[in-house]
């Protein structure tokens, strides 16, 4: 943890007005990412991880309310003028969205969508931008890149489209790449390829990355640090090796248990996390996970645990009844 | 794409036959006899019988239809029994005027409707958007002949800036031609822009919610590029559709506008033929307008296919 | 908005109107205006009005007075009486023509959407033929050959509305026919007649009625357009369209002769559009309010 901090999210709250009342999508979140480091953000769908990424990018829906600070490269993104923010986006802050079927414009060619970014930020002429686009497509493993430039998204497979989206994100050598569930919409066989591509390019370009996923298995081995989110809050945060060695939050354990295991006997029922996430428009008084937690006791239902550091350095969790090291080892 | 064109072309044939059949049937609705109508008051039974024979009216209806159709296919649509002019002559003489009027009107309507739609979509829910959608809704309740009267009153009677009626061919004096064309084209455009704006606006609002717009923003593109390229280009398909759908209305509007502003176009030819009971001209014009309408719709379909890469590459 | 090109987006009823939604003051103002026009049109004969056809050559284009509230027209006829009797024509044609469209188009659409197959293809195909002409041109041609009369006008404008009503009814039926209550009725062995009349018709009526109001607005405009051209209702019957057409001749001297019927027509068309559009939005789950 000696590198300089590139991104720090400080006490960020995102509120969304809905017909049923205010929805707190992100609830007092603090996170930091060092330059060239990778952070995994893990949680079930609806836990606020996508809203958090949109908050960092300043791409929240118009009616959403955002408070807190998002310090990126020494500037508070919330205070930045729209023009300065625009110059930053795509240039030093890039994103890959979940679904490559919808994130590329269907009526513009791959080439247009790549080149426009290069021309916007790097002021390349058409020839140089085209040349660089071909290099980028080749770098993300797209065969026959020259021909692809002329093609439209619908002529490419899902995996190829996501590679194009990654090429667009990488095009201006960003300092931070946010990958928001980059493989969820893809075939299982392609998922590992895309994740490995992201990890390879991240190391090669010495770029920081936030990898958002619902799959704890995805972040193992591909990130330096992991933050587990539940109901809008970070409930456990630790360096990746430390987390997998000794997870303390029962929710993290449940997430891991919900992963299908490769060595399980055939026809073993998948253990799902029982119950549903709480209704975000009706916040609970106690720990949000307490209704589903098998360890919960009286205190958990009436008081919210704070995210605090314990055990090893950098390992934080918000729980009154953390799992014992010995008990969780087999999980 | 080729298969698509072929299929649409094949579909044209039955539709065109239906158009000719319907035109013929409408003309046969005439109570009484065409020969009486042509000969008028001085009709003697002998004259009528002679004319009936000359025109083939004494034959069964299907023989008359195929005879008529055969003549049409040879380019003979008949001749006005009042002016002696052939239908084809009369129509080709007047077609450029109607086309100029409709193209001008469409251009003006797009020039008003498209920018307003974009501004409203970009600031949907704002006060400008609410004001403009309200105005557009109100304008939809103003019939063409009403806005014609309003514009004549305002610009020709009160302000005396523009002539109320009259026409000079473009080839003769372009500036004067445009002066005569401004009010008619504006009248037609006033009926067209609200529809264009409303449809394009709601379409753009939907497009602006798309992931690829979020990505375009995340790429740091300028707002103008996002609106005009990333959002407007997908919506241009909608624009083609609505333009196509509106053509029927535009043609109807042109009839009214040409009559009000005394422009010697197809519409005025049609109305004139009705008032003077020039039934051959009427039948010919109805047929040609119907066929032209079918062809324009075909062209719009083709344009649509060309604009949408998914259809162009045979994915649809 | 010149002719009878009926709206294209077929609204589909999914959920009955969400109740408790605010309809807004404009909606109620439109309703009040519609009721007012209906009332004066129905009771025109009973109202203490001068005859709409009595000419008074000494009082041509007279200004507003106690005797002639809205003055007189170019032939010295009472303008107010003509506007009110004109409302009759506009409303008669404007209501009865869409009723033709509603009846035939609605029935064809429900049957086509329910039975599908060849019947549906034939219905849709024959509607395409009707749509192959610009509507105003077809209306002009038919009235030219049949002769000008209110009956002919109503008939042809009604016929032209059939395809649009058919589309609305068919689209609504297509969605409804897949819904649980219809499938349940089929599973319980209900006859086609019963399903069509008891299950489908009541639910399709909602979007059809909303569309009916819009069609009234379109028809009033269409009738006005034809009468304005002098090819609609035959004189001396006054309709708003023909009054505006006559008023055009005296725009320089007495613009009000064109503008008084114009305002009446605009407000009426706007009212039907407003109410129709509000109801359409209510019966259409995909869209919010305007």
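We just call them A, B and C in the order they show up, numbering each chain from 1.
As a working rule, a residue touches a chain if its C-beta (ideal position, glycine included) is under 8 Å from a C-beta of that chain, and two chains touch if they have at least 3 such contacts.
Keep in mind that this is a model prediction, so the values were computed, not measured.
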Most remote chain, CA-based centroid, reference being chain B: A
Chain pair whose interface holds the most contacting C-beta pairs: B-C
Rounded Å distance between chain B and chain C, as computed from the means of their C-alpha atoms: 22
Whole-Å gap separating chain A and chain B, where each centre is the average of the chain's CA atoms: 53
Whole-Å separation of chain centres (CA-atom averages), chain A against chain C: 56
Junction residues of chain B, two or more chains touched: none
Complex interface listing, chain B residues touching chain C: 15, 18-19, 22-23, 26-27, 29-31, 133, 137-146, 149-150, 152-153, 157, 191, 194, 245-249, 251-253, 255-256, 259-260, 270-271, 274-275, 279, 282, 286, 289-290, 293-294
Complex contacts: residues of chain C adjacent to chain B: 1-5, 8, 128-129, 131-138, 140-142, 144-147, 217, 221, 224-225, 228-231, 241, 244-245, 247-248, 251-252, 255, 258-259, 262, 265-266, 269-270, 273-274, 277, 290
Touching residues on chain A, where the partner in the complex is chain B: 57, 59, 86-91, 94-95, 97, 99, 102-108, 116-117, 120-121, 152, 154-155, 165, 168
Contact footprint of chain A on chain B as seen in their complex: 210-212, 214-222, 225, 229-230, 233-234, 237, 307-310, 313, 315
